Each structure stands twice: as C-alpha cells, then as structure tokens.
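Next, two complexes with chain A in common: one pairs it with chain B, the other with chain C.
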Partner chain A sequence: MPRGGWYSVGVVLLFALLPFVYGNHALLFNMMMYLVLAQGINVLFGFTGYLPFGYVGFFGAGAYGASLAILLVHLPPVPALFVGAAVSVLVALLLAPLLRLSGAYFAIASLAASEVVYYIVSNPHLVSLTQGPYGISLAQVYNSGASYATMVVVLAMALAAVVYLRNSHMGLALQAIREEPISAGFAGINVVRERTRAWLLSAALAGLAGGAYAWHVSVFYPKSVFDLNISVFAIVFTLFGGVATLVGPIVGTLLLYGLYNWIGISQPEYFQLVFGIVIVLLVLFLPNGLVSLLRRAKIHVP
Partner chain B sequence: MIAYTLLAGLLFGLYFSLVALGLNLVFGVMRLINLAHGDFLMLGAFLAYGLYSSAGVNPVYAIPAEIVAFVLAGVALYYAVVPRLLSSRDPEMLSFILLFGLSQIIEALAVIAFGNDQRAIPATVFGIHPVSLFGQTFPAAWAVSAVVSAAAILAVYFYLYRSRLGHATRAVMASRDEAASTGINVHRVSAIALGAGLALAAIAGAFSPFMLGSIGPDMGIRITTVSFAVIVIGSLGNPLGTVLGGLVYGLGLMLMETYFPSWANLLPYVLLILILLIRPSGLLGKRVRLA
Partner chain C sequence: MSIRPILRLWPFAGAVLLSVFFAGVAAQAAPVPKVIRIGTLYADSGPFATSSQSQLQGLRFWVNDANREGGVYVKAYGRKIPVKLITYNDRSSTTIAATLYNQLITQDHVDILAADFGSVLTSVAVPIAQEHKMLLFDQTGTGANFFTPGNPYIVLTSLPTSAEWPYALADFLKAQTQIRRVALLYATNDFTGSQAQTLRRRLQGSHVKLVFDHGVPTSTSSYALLLHNVQAARPDAVIEFGYPNNDIAFLHDLQASGMKFKMVFTIFPGQLFALMKSSVGVQTLAYTYTYPTPPLLVYNKVNYGMGLDRFKEAFRKANGKNPNFLNIAGFNTGLIIQKTLDVAPSLDQLALRRSIVDFSGKLHTLNGTFKIDTATGAQIGETLPVGQFIPGSRGLTVRMLYPPDLAAGKPVYPAP
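Presenting the complex of A and B:
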C-alpha cells in the first residue's frame, strides 16, 4: 500500500458506512463534496502553486454537462457524470492559456473565467439549451442512495489522485515547478505539460463532484452551482489543513465544514466572520496549515 | 442614440476610473492586490448612506468624512499587517489570501451591523432637474459623480507629480529598496498611499448608489473584479493609466448595454481575460508578468 493509502481507505469506508448509523445524509454528502473539491484545489494549488479562485466554474460545468447529457441525450446518470467531467476538462483545456499568468493574476483571471461560464450558462438567450436562469430539474432520475454511493466513489478517486501525487515522480515534479519553474525545466521536467496535466486532473475532479451533486439534489439553479462561496470554502478548507499533503485538506474540511454546519447555516454572517479571522490568523501565524504543527513535532504527515 | 451612448460612456468611464484608482495606487506602491478593495468601497457607501439617512447630508459633503475615516483606516491597516507580510517567504500570495480573509471579515461585520437589505440614496438629492450636455440630457447624479471623479483624479495627479510626498511615493513605486537607501521613509509613504487608496474607494462608494445600483454588504467582490479589470486594461501600477482603463470600460459597458444588453454582464470578465492573455502589461504599460 502506498503511503497515505490506508488513511484514504479509512475515510472512504467511513463515509460509505456512516449513513447506516447517522441520519443527516445531506451533511455527509456535502462533506464528501467538499473533500473532493478541497483535494482538487490541493492538486492544483498545493502541488503547483496556482490558486484557482474560479474553481467553482469546473464544478458548475460538470453539473451542467451531466444534467444536459441526462436531459437532452437521455443518458443514464452514471455515464452522464463522465460527460460532465469531460465538459469540465474541455473548459479547462480552453482556459489552459491562463496558466501563463502567475500568482494573484492567475487567481483573478480564473475567477473572471468562472463568471464568464456562469453568465453564458445562465443567459436568457440560451433557454432552449441550458434553461438559462430557470435552472435544471432532474426529477425523473432522482435517486438519493445511488447518487450518494456515486459521490463515495468520486471521493475515492480524488483521494487516490492525491495519494498518487504524494508518492510519484509527477508529484515531485509539480512541487519542483512550484518552487522554481526555471530550475525545474533545467532538471528535465516538461513544465508546461506537467502543470497542464495537474490543471486538467483538478478540473476533472471538480466536474465529477459537480455531476454527482447535480444528480443528488436534482433541482438546482445556475446561481447555486456557480456560487463563488464553493470555491472559497474549498480553498480555505485546504489552506487551513495544509496544502500538498493528503491529510491536510481532509482535516481542514472536516473541522471547518463541521463548524459551518454548526453555526453557518442558521447564522451565515457569524460563520463568515470566524472564517475571515481564521484566514487572517492562518496567514500571519501558520501559513502552512494545521498539519505543519505535526511536522514541527517531527511527526510524518502523509 | 450613439451620441447619448458615447457621452454616458464618458461619464461612467470617469466614475469607473475613480472606482479602480485606489486599487492601482496600492498595487503600484506595495505590489499587493487589495482583494478587500470593493469591501472598502461598500463601507464608504454605507457611511454616505448613514450620513444621508440620519442627517440628510448630500453625498458630496460626505467626502471630507470619508477621507478622514479611510485614510486613518488605511494607515492603521498598513502598520498592522503589511510590513510583516512583505518580509515573509511569498508576500504576493500570502497578502492576497490575507486580504481575502479581511474582505470576508468586513462583509460579515457589515451584514451583522446593517443587515442584508439593499439600500439606496434617492437621486433627487442632487435636485430634480436633469443635466444637459452637448444636446443630450442625463440624470444630475451621473454628472455630479463624473465631476467628483475627475476632481479626485486631478487630486491624485497633484499628489503624485506636484508634491514632495508624491515624488517619494513614485520612488517607492519604482524600487522599494533603492527608495529606502536614499533615505525615504518607505513605511510612512506606503502607509499614506494605502490610506489614500482606501479613501478613493470610499469616495467612489459615496456615489455608488447612483452609478452601480443599490448598495448591500455583498457588493464587494464584484466591484473588486471590475476594478481589477479596469486597472489591467489601463496598466497595473500606473495610477493615471487607470483613467484610460476606466474610459475604455465605461464606453464598452454603455455600448454593450445599448446594443447587446443581455451579454453586458460578461464585459469586465472577458476584457480582463483577453487583456491578460494578449497584452498583460495593459494598454500603457511596459511591465509583463508571466509565469
């Protein structure tokens, strides 16, 4: 078993078995969704240093891709999910030139890109194709159990992707690019190819999560699947736990989404306040996240 | 029709220059992107709204209060976090994330303090007569906002090019280290620039009820993105280039709203992406930022 493998199996089994003993399935489902998105952010930001503020654009593209495959082509939900992921990857390919930008420029440009996708999907002129601002209804294929199981599988795929990056040449290459792109190039790493692969992998994970989400809720509006808060949550959960590790984003998501579920649903503004304070304190005092505390104590973190 | 559109584009262009000017000034001096820029604009809007609704103060007379409050806030913010950030391992990314956290805090506090309702200041505060300009008539609020914006831009010009402090500020923009080595108090200059940047955002905020629609705690991030588009078009780090960016954006927006209204929302984002990909230095700039 590669390092981190058993942790991943444990997390997946936990979410596969918890529904039998714990009744709040919506919480479990959303937590899995954010675990997937946080690991997707981790693949891109943790390993390559690109912070995708517009990550939700891939999530929404996956949700719409899968839904339209069900509604227009009458595919069954599971194959439609892969259509959704393919749509996300296609969007990522179109946006790959953004990777030429660095740092904050990339972050804001990716935010702008997700808004472009949102305004196109929700445009009233495209009602015949996307239902425009009126949203999507998948009531005819609604199946809460099967879509939950699908998200468990998507979670397993996301964790497997990060375990692979933590143990492979590709993961090391990406981290080398993050630290010193020019030196990495001298060391024989194909910088453009490796970071594009990370970008597409990250987009595919968000697309799968979006498709599974669309199936699970089965009625949604463009505003809800292109909500910037989805990007924000996934980014902060990842940063809070610690990037470029398997465990960091898991810990960050379980703690902060747990907190959100506790105070955020009834009083979102108080949660947002705590959230903002956490971000500021994190940057000032613990820029490598919670897991860096373990590292300081000389404990190995997968 | 076209004359009306172009003139309205000019008025909005001047206003959008003011909206983005502070963001560019802060970027030019400190090389950090103030992700909370739009949230400070929102606070400025609420200050003007508060003065109007409690004491009937015309937004034009709210400007001195905006300047005092936000210059102080900017100086305090600078000394609280910026020197610490600039000495860290990855100042650009960390400051970006920190300011993002700050924007979340401001938005949350605004919801707690003011509630989620959308507010407006009636445009009749500037009188009920429309203004006539080259044979076209416009709401008086548009004209007042454009005049205030032009005055603020001129003030920034005099600050940067006609004052001692401005010379020092431009020296810090050119090179922080070399400016420090010639004896310029870099921290003082930067703190004042951050204060000026926030004050400019707040002044723009005072007129946002007339130019951007109703005000609410959640308006910040959209305004930050639009401002970023404007300064990228003009050119990053060149405060007066902002005016060119603002005019291009204002004219583009009015043309889109006249001829392709349902696609007008896309404009700032598409412009931003295109400029970053085709000419990342902006229309006036020399500096290129590529990975």
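Presenting the complex of A and C:
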C-alpha cells in the first residue's frame, strides 16, 4: 500500500459506514463533497501553487454537464457523472491559458472565468439547452442512497489521486515547479505539460463532485452550483488543514466543516463570531495549516 | 367430538391473542406528546434574509398565539397540545439548507416540516421531504416544477405558483381598450421568468401586443439605459417583474429619469408596501399598479382564524410594527397546520395530506381561500388581483381594479 493509502481507505470506509449510525445524510454528503473539492484545490494549489478562487466554475460545469446528459441524452446518472467531469475538463482546457498568469492575477482571473461560465449557463437565451436561470429538476432520477454511494466512490477517486501525487514522479515534478519553475524546466521537467495535467485533474475532480451533487439535490438553480462560497469554503478547509499533503485537507474539512455545522445548528447566533475567530487565529499562528503542528513535532504527515 | 380440529385452531388463536397483546403494548408505547414539534428554517443573512425573517415572524406569532390558548387541538390524540417551533439559520444558502432540513427530520424528528421563504430555499427541501416521506408545508416557494402528481409530500400554503400570478393582470390588460402596446421587462429567474412566460402566452391573439420584451439578470441594479429603450418602443403600459431589489431600482431610476408612462406595474409594492414606500417614496408609487395582497387587500369571508383587522392589532401589539404580506403568509401557514392537526386522524404524513385535501376549498383565512390542486399540492385558491395606488389626503390607498368581483373603481389611466 502506498504511503497515505491506509488513511484514504479509513476515510472512505468511515463515510461508507457513517450513514448506518447517523441519520443526517445530507451533512455527511456535503462533508464528502467538500473533501473532494478540498483535495481538488490541494492538487492545484498544494502541488503547483496556483490558487483558483473560481474553482466553483468547474463544480458548476460538472453539475450542469451531468444534468444535461441525463435530461437531453437520457443517460443514467452514473455515466452522466463522467460526462459532467468531461465538461469540466473541457472548460479547464479552454481556460488553460490562465496558467500563464500567477499569484493574485491567476486567482482573480479564475474567479472572473467562473463568473463567465455562470453567466453563459444562466443566459435566458439558452433556456432550450441549459434551462437558463430557471434551474434544473432531476426529480425523475432522484435517488438519495445511490447518489450518496456515488459520492463515496468519487471521494475514493479524489483521495487516490492525491496519494498518487504524493508518491509519484509527477507529484515531485509539480512540487519542483511550484518552488522554482525555471530550475524545474532546466532539470528536464515539462513545466507546461505537468501544470496543465494538474489543472485538468483538479477540474475533473470538481466536475465529478458537481455531478454527484446535482444528482443528490436533484432540484437546483445556477446560483446554487456557481456559488462563490463553495470555492471559499473548499480553499479555507484546505488551508486550515495544510496543503500538499493527503491528510491536511481531510483534517481541515472534517474539523472546520464539522465545527461549521455544529455552531450553525446549536449556536447559530455565534456562528460568524466563532468561525471568524478560528480563521484569524489560523492565519496568525498556523499559516501552514494544522499539519504544520505535526511536522514541528517531527511526525511524518502523508 | 374429536379434539384434533380444536388443536388445529390453536396457532390461529395464539396469533390473534399475540396481535391483541402487541396492539395494546403499542398503544401504551405511544403516549400523548408534550409538544407538537414544527421545524422550519430562516435566513438571517444573504439575499433572502429580509423576506425570510418576516415570514418566520408571522409563523412565530401564530405559535405564540396558539400556545396562549393552551396549544392546538390534535385530533390524533383528542386533546390540545402546545406547539414548539424548532428553527435553524440557513444564511440563504441552499447547501446549508439541505443539511438543516435533514437535521430537522432525522435528528429533531419534527412532526411538521415547513420550508423557508421562496423557491430557491424551498427547492432543496422538496426531494428531502419526499425521500423521508415528510409532508412539506411550502410557505412561499412557488416554483412550478416542485408540484408533480407523483409527489404527495408537498402543499403550497400561502401563495399560488408563480406561473399563475399574472392571470388577472393579463385579463386586465386585455380588458383595457386603450392599452394596445405593452413593454415587458423582467428579471431572469424562476419566479419572474415564469410570470413573463404566462403573460406572453395569455396576451397572444389579443389586441395587446408586446412591443418590448426583455429579460435582465436578477442582480440588475440600474435600469436607466433600459428605460430609454422602453420609452423608444412607445408602450401604453410598462410591466416590470422583479424581486424587491429590482422593483426598487426600477422605480428609483424611473423617478430619476423624469420619464412618464401611462401605466407602470411592479410586483412588490403590493406585498412589501412599507419597505417600498420608504425606499422609493409615495410620489413614485402614486398611480402605479401592483398585485395587492393582505394587508392591502382585505378578504371579508374569513371562516378560520383571525380576520385582518384583529390580526393587525394583535401583531402590532406583539411586534411593535404593522404586519406585511410575508408576516401574514407565515401566520397563514400556521393556520393551515392548525386546521390539518385539527382534522387529521393521525400524524402519519399521508394522513395529513389527505386531511388537507378534505378541507381544501372550504377554508377562508385572512390570506384568501385555501384551495390546492389535489393532484399536485399547488395552491390554486388564492388569486392575485390588480390594484392601483391612488394618492389622497390619507396617503396612498389601493384601488382594486380586477377581477370584476373585487373591483372597487376604475383605473386612473393614463397616469397623471
């Protein structure tokens, strides 16, 4: 088993078994969704240094791609999910020139790009194709249990992708590019190709998560799947745990999304205060995420 | 007589005895609950916060009012039981809302589930309620695709589906011989897009022609340029369908532009009159048209719950302000729940729905006639008439214009 493999198996088993002891499956589903998105952000930001504020664009494209495959081509939901991922990859290919930017320029450009995708999808003139701003209804294929199981599989795929990157030449190459792209190029790494592969992989993960989400909720509006908050949460969870590791985004999502729901359910009036304090403390004292605590204690973090 | 036939009957007799025993145990195991738990969501931030909180305030007012009387009569238990309202804050997010609707059903085990305000926050509740076989009391989520014959777990309580809203408006326009050219400007979302579609369809084949038909993003905050385009089309009437922020921006820009149209129609002055009056001013609203809803519209034929005057007085006393339509919508949901519990033989969710079908069309509240499409659960009893704001010595009053049975006068057309 490659390093980190057992952690992945444990997390997948946890989410496969939790529904038998905990009834709020929507909470578990959303937690898995954010785990996948956090790992998608991890693939891109953790391994290449590109922070995509507009990551939700791929999620929305996946949700719409899968939904339209179900509605227009009458594909069953599971194959439709892969169509959703393909649509996200296609969007990522079109947006690949953004990788020529870096830092804040890239972050803002990716945000603008996701808004462009949103406005195209919700354009009233495309009602016959995308239903425009009037939303999608997949009531005819709604299946909460099957969509939950599918998200477990998508989670397994996302974790496997990161385990691969943590243990492969490609992962090492990406980290070399992140640290010093020119030196990496001199060392024989095809910088453009490796970055683009990470970009497409990250988009595919978001597309799969978007498709599974669309199937699970079955009725949604463009604003629901292109909501900037989805990007923000996924980025915060990733940073909270620690990037370029398998465990960091898992810990970040489980703790922060758990806290988010616990406060939101039990003490909603303190939600913004507590959540805000946690984020400020993180930025001030743990800029490299929770896993940096383990590293300081000389504990290996997969 | 042989004993064998009697021995053959022993297993059956035993089964009957066991059944009676377990039925008795079951009856003992289902004691009368101390409270009836009603679960709902609200938004304290985000785009739906204002409307959602008003709706919750109305529902909470009903809960307090019912509990002052010792609770609501629950036929299933043959006695009055207090009501407990369990609420969570979804912050206008559908993702959070989905989690919280599940929380209400699976963790809090609510007896009654009511949706948050509007179609967007109701949309995620529809499949969740159906999956858990919980009847969803949909308060103001008017999206037409929520209501399908295959889903018995939804009832729309306080508004008709949005596609039905412009029925009276379209008929009113067709009845005005002076109006031949109409400009239609609408926000592109499910709520107003479906109204635009209905208006278009119902005007087809009549003497009224759409000379301007344009959708804008719901986030539109400036209508100045669009108004010039509308003016260029020389319409006899301008219909603007939007959410409150759209209506406010539209009316603001209309006032600022100095343009005059013979007839201007917007949706929300009729629902959120106090908000619209404070946002755009009396002068801007004067002679404009709207869908008047309670409290601007008074239904006299009330046979269940408070009448409008009593409600206004009690609400003012409890909350220190005049009620708006969404307060009434929330309160009306409470009344529908109360009536349902009053007549349903059990708290089984399909039994609740069957009971609602039984009293559908016979219940007249301060919000109008409660009548549902028995196949889909969509509201068809409450209609939205057309009215016009007329300035006078007591400020603006609403003159009902259409349909004829509600009409209290003729329109001032063209607007001065």
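Some observations on this one:
Simple rule for what comes next: the second predicted complex is superposed on the first by the 282 of 302 C-alpha atoms of A that agree within 3 Å, B and C clash if a C-alpha of one lies under 4 Å from a C-alpha of the other, contacts with A are read in each partner's own complex, and residues count from 1 in each chain.
What we mean here is this: a residue touches a chain if its C-beta (ideal position, glycine included) is under 8 Å from a C-beta of that chain, and two chains touch if they have at least 3 such contacts.
None of these values were measured; they are calculated from a predicted model.
Of the two partner chains placed by superposition, only chain B is touched by A:V116; chain C is not.
Contacts of A:L205 after superposition on the shared chain: neither chain B nor chain C is touched. Between chain B and chain C, B touches the greater number of residues of chain A.
By the document's definition of touching, neither partner reaches A:V87: not chain B, not chain C. When the two complexes are overlaid on their common chain A, residue A:P124 makes contact with chain B and with chain C alike. In the superposed model, A:L37 makes contact with neither chain B nor chain C. Of the two partner chains placed by the overlay, only chain C lies in contact with A:H25; chain B stays clear of it.
By the touch criterion stated above, A:V163 is placed in contact with neither chain B nor chain C. In the overlay built on the shared chain, the residue A:S144 is in contact with chain C alone; chain B does not reach it. In the superposition on chain A, contact is made by A:P97 with chain B only, not with chain C. Residue overlap on chain A between the chain B contacts of one complex and the chain C contacts of the other covers 119, 124.
On the side of chain C, the complex with chain A involves touching residues 44, 88-89, 91, 93-96, 98-103, 106-107, 120, 123-124, 126-128, 130-131, 143, 145-146, 148, 150-151, 188-190, 193-194, 215, 217-218. Taken together, the chain A residues at the contact with chain B in this complex read 49, 51, 97-109, 111-113, 115-116, 119-120, 123-125, 181, 228, 232, 239, 269-270, 272-273, 275-280, 282-284, 287. In the complex of the two chains, the chain A residues touching chain C come out as 23-27, 30, 119, 122, 124, 132-135, 137, 139, 142, 144, 217-221, 223-224, 227, 229-230, 261, 264-265, 268, 271. Remark: chain B residues 33, 81, 84-85, 88-89, 92-98, 100-109, 111-112, 221, 225, 228-229, 262-263, 265-266, 268-270, 272-273, 276-277, 280, 289-291 touch chain A in the complex.
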